[in-house]
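In what follows, chain A forms one complex with chain B and a second complex with chain C.
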Partner chain A sequence: MGKVLPLGGNYAVAYAVKACKPEVITAYPISPQTTIVERLSEFVANGELDAEFLHVESEHSALSVAIGAAAAGARSYSATCSQGLALMNELLYIMAYVRLPMALTIVARALSAPINIWNDHSDFMSVNDSGWIMMMSSSNQEAYDEILLAYRIAEDPRVLLPVITAMDGYIQSHVVEPVEIVDDEEALSFAPKRRSWVTLNPDKPVTMGPVGDPNWYFEFKRQLWEAMKGSRAVFDEAVAEFAKKFGRSYSAIETYRLDDAEVAIVGMGSFMGTIKAYVDRARKDGIKVGALRVKLFRPFPAEDVAKALSNVKLVGVMDRALVPGSPTGGFLHSDVACSIKQAGLDVRTLGYIAGLGGRLLTMDNVRQMVDVLLKYKDSKEVPKEPIFIGVRE
Partner chain B sequence: MSLPGWKQLPIGVVILNPGNSVEYKTGEWRTLRPEIDQEKCIRCRTCWTFCPEGAILEVSEPYKTKAGREFKLTYKVNYEHCKGCGICSNECPAKAIAMVEEVI
Partner chain C sequence: MSKPITVWDLPKEEFLASGHRMCQGCAAAITFRHVLKAAGKDTIVSMPTSCGEITSTVYPHSAWRIPWIHVAFENAAAVASGISAAIEALKRRGEIPKEKDINVIAMGGDGGTFDIGFQALSGTLERGDNVLYICYDNEAYMNTGIQRSGATPLGAWTTTTPVGKVWRGEWRPKKRKDLIAIAVAHNVPYAATATPAFPTDLYAKVKKALSIKGPKLMHVLSSCVPGWRIEPEKGIEVLKLAVLTGMWVNYEYENGTYRVTTPVPKRKPVKEYLRLQGRFRHLTDEDIKKIQELVDAEVEKINKLVGKQVIGPVEG
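And then the complex of A and B:
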């Protein structure tokens, strides 16, 4: 049993990164992420962490430098969100396809416009096709633990992909919870530095990231599809080993009172805590409702999601990012609906868009969501367009 | 030519054998080909210096012009890699390099 400290999500992540001993940290401040790299700079300055701490001039440079460091064989780390992640965008794809591992934390925040520093999942969802493994926590302990999982999975020679660990801005990043931190030796024995990828080495020169003309480009896309698919088994292995070593168990999805549920709410992130609390309240009134939280978003646990929802009549999927013009309005709803369809199940879905730009989400919002499900659970037609929860008409 | 499939390629966008860019026949890109008139060429090496691809070859091949001038060297073009940019032709002080349309 490690030490338990009262930590905001950002500090929790900083402690986890310190324990994993990255050699290179690239930092550019942006709210609500700033205090992660701020705390890490203190660890470096006071000698608790021996790492190159680079104050770069933009997020574009933050990821560029991390790519260079990873290419040289270093364990690298950076954190960002929102506009910063948007500025990193072109490098995200490069890092993934050159197959360089690292951990990057997204402290989820809305994308402009209007300028908004508050929490939703717009930034996280905007990079869901970039080839990164993506997971999102729902507590500060989980945010801490995801860093250890990230390095272990990313550097596994069967994977070699960078990993995004995300948490909700402010709701997690700036709210203090008890977090158990593990000894550095324990962290490193769980996530050892593998140096398992091809690196830049003057004695054994290689070319990284050359032009891939039409004769070559496609094969690397095909390669990454397989790597992403294969990473799921490594994720499962990692969480099983984590549970054995540290006593906390995770899985790609978290189900809550789904066994006999007629209707269910699917979502991601910290708000699932409130949803679970509402489920308990509704259950007392005899409403058969359950909940499902998607922790691992890429690779999407399609079979797990379908299996968990197979006995439900109607599923409501909450997206905290809007995809204007898409059939469902949200990436999570699209993937959940597709998972159900691929499994050949007769389970219908509808979607909610909620909590954009930090709009307060409450127990009453969950009640609205469940009321919609109860209204449509036995009808043939369900709303196709997303239901906007908490917006003023 | 049969190229390797995705399973045969190294992991990631990486080339493991250094110096293999010579295997990339950039000459296929060319629409105009430089032709060196050995009679006009004064062996000044300007084309060799300016060629961005190193596609001008300096070979130890003696040449005697019709006017009787003797050279120990001859400049030739590596057409496998010459992209036909025309810099050599533009720089040549003797106007000895003509850019001729490629006809397939």
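And then the complex of A and C:
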């Protein structure tokens, strides 16, 4: 086993990437992602990591370079957030359709405008239909571990899809926690370079990214659905193997004191730490509240979510990205509500919008969220519009 | 200098298959064909969205007998940089034999080069990536139906610079931006112009470019039958006239030195080039005079770069 280092989330990710030994790294600086690529630059500069490092002129070119590198057979890496991810947007869809693996870290940050470098999930959520496998951590150790999981899953010949690993900007990226670093050999034996995909090889020429006319486009998309669906079993295998090898276990969702809960809060990312702390406090007062954190967002673990919430009366789903005009106001709430409906359960949901643009979540905010659940837990009607937490009205 | 080659010396092997959907008389198809003859089997091509792309790779067909990739419109250079970096890294790891030379070529149209792909191109050139970038320039967005691009010349009709009571075709009063000068300003070791009307010149330049490590750029004038409003059999003739009138000069830049590869001791009047094409049919003698002046100035500029009068005055 490796050693424990005090690391911010970004440095943790940089160490994990180094251990996975990508051949091509490419990125464009954007806060709060920068320290990932700074540290990776140092690794390459010191000869600790043998990789081609391309200093591109935009995030658009960063992902273009990564696509070209992956197409030529290399393990590639990039990191971005917010406007950088928005600039990559069209290429995300293309990379998934061409079925090229890579790991891309999103250090989640609000989308402009107003321009804001602080944390929410609006960048992450904006690409939820791009065909990438998407996961979000809630600790720096988990952010580290997700890189290893990402390469193992992405390059599995049953999957061949790119993977986004996300963490909260600043709250994780720049806050130091103890992180266990595994040996490079151990990392590579968990996430071996399988060279499992079709590449641009002059000895076996292929055409990549051809025109898909109405006679074929649909079939490509259909295959993408199957690949994404199939990736769930590979994810489960990977986390099981990870637990065996490294002793840390993960699953698509994390449940907290849900067994006898009457009400529950569902959310993603680092805020779940605050919510779990409040759950402990409320439990002392006899309030039957639990929490559920979604780690794997694509493919969405609908059955797991529904099963975990099946005995709860009312669920409050916290979105950290606003979808103006949608029925729920947030992608997470929509997916959770749909999962419950598909399972045929009589469990109601309401939604919160919280923590946009770096607005922090206080214990008092969580108390408000739980109070709303207690108020409506036995009533027939629950608020349809999202409840905005911690905003000036 | 080595003995000049003739068309009989060009390799017989074809890497662009027949049966693609490019127009009859399309100079881009002839450009691709000769570029690949020069580059050979061990070549990977990155192509942006363009007429050449959509007409050559309609799934499940492909005209490319070498590995080929299309990703998006504005990033052919960046994709090529990624391919080149991967090859470099995989060679260091011994996964690709060190002695195997694999050419990485990005090949895009004028829209994908002058306009939307300009930023990525600049990145590839300034970083010094080992990529040959070739712009096949048909002087407008032909793929979408002949819209004006940053490479459309003065006076040319396009569907977005139509000829009406107020507009008389493209009105930019100066010569379009100089792609070779832009490449040279990035300190590339090699840059060249060419046209498939002089296929051995094109062939030799691709060969030379690929023999040099680092970023290289070639600007290839490529006629478009529907876009230039010409008959299919005039595709090559019009490109020859472009060179013979000085409208286009075949030259190369190598490590600080410029050399004209198709000297034209006596130029034909530019009118002969313009009058062959429907896109210029509305031009008055006054308009043509203005274009002639632009061409004269450009010729003078190139003669100065080479240090002698390689392109002569207009005859008669």
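One rule holds for everything that comes next: the second predicted complex is superposed on the first by the 393 of 393 C-alpha atoms of A that agree within 3 Å, B and C clash if a C-alpha of one lies under 4 Å from a C-alpha of the other, contacts with A are read in each partner's own complex, and residues count from 1 in each chain.
Rule of thumb we're sticking to: contacts are C-beta pairs under 8 Å (C-beta built on N, C-alpha and C of every residue); 3 or more make two chains touch, one makes a residue touch a chain.
All figures in this text were calculated on a predicted structure; none of them were measured in a lab.
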{"item": "Combined model on chain A where chain B meets chain C, clash or fit", "value": "clash"}
{"item": "Which of chain B and chain C A:Pro210 touches, first, second, both or neither", "value": "both"}
{"item": "Contacts of A:Trp197 with chain B and chain C, given as first, second, both or neither", "value": "first"}
{"item": "First (chain B), second (chain C), both or neither touched by A:Arg281", "value": "neither"}
{"item": "First (chain B), second (chain C), both or neither touched by A:Ala51", "value": "second"}
{"item": "Chain B versus chain C, judged by how many residues of chain A each one touches", "value": "C"}
{"item": "First, second, both or neither for A:Leu160, with chain B first and chain C second", "value": "first"}
{"item": "Partner chain in contact with A:Ser64 - chain B first, chain C second, else both or neither", "value": "second"}
{"item": "Touched partner set for A:Gln223, first chain B, second chain C, both or neither", "value": "first"}
{"item": "Candidates 224-232, 242-250, 260-268 or 296-304 of chain C: the single one with C-alpha clashes against chain B", "value": "224-232"}
{"item": "Overlap of the chain B and chain C footprints on chain A, listed as residue numbers", "value": "98, 205-210, 212, 216"}
{"item": "Chain A-facing residues of chain C, complex", "value": "41-44, 46, 53-54, 57-62, 64-72, 74-75, 78-90, 92-93, 95, 102, 119-120, 122-123, 126-127, 129"}
{"item": "Residue ranges of chain A in contact with chain B within the complex", "value": "97-100, 160, 197-198, 205-210, 212, 215-216, 219-220, 222-223, 226-227"}
{"item": "Residues on chain A engaged by chain C in the complex (per definition of touch)", "value": "23-24, 26, 50-52, 54-58, 60-61, 64-74, 76, 90-91, 94, 98, 195, 200-202, 205-213, 216"}
{"item": "Residue numbers on chain B that touch chain A, as the complex places them", "value": "3-6, 9-16, 18"}
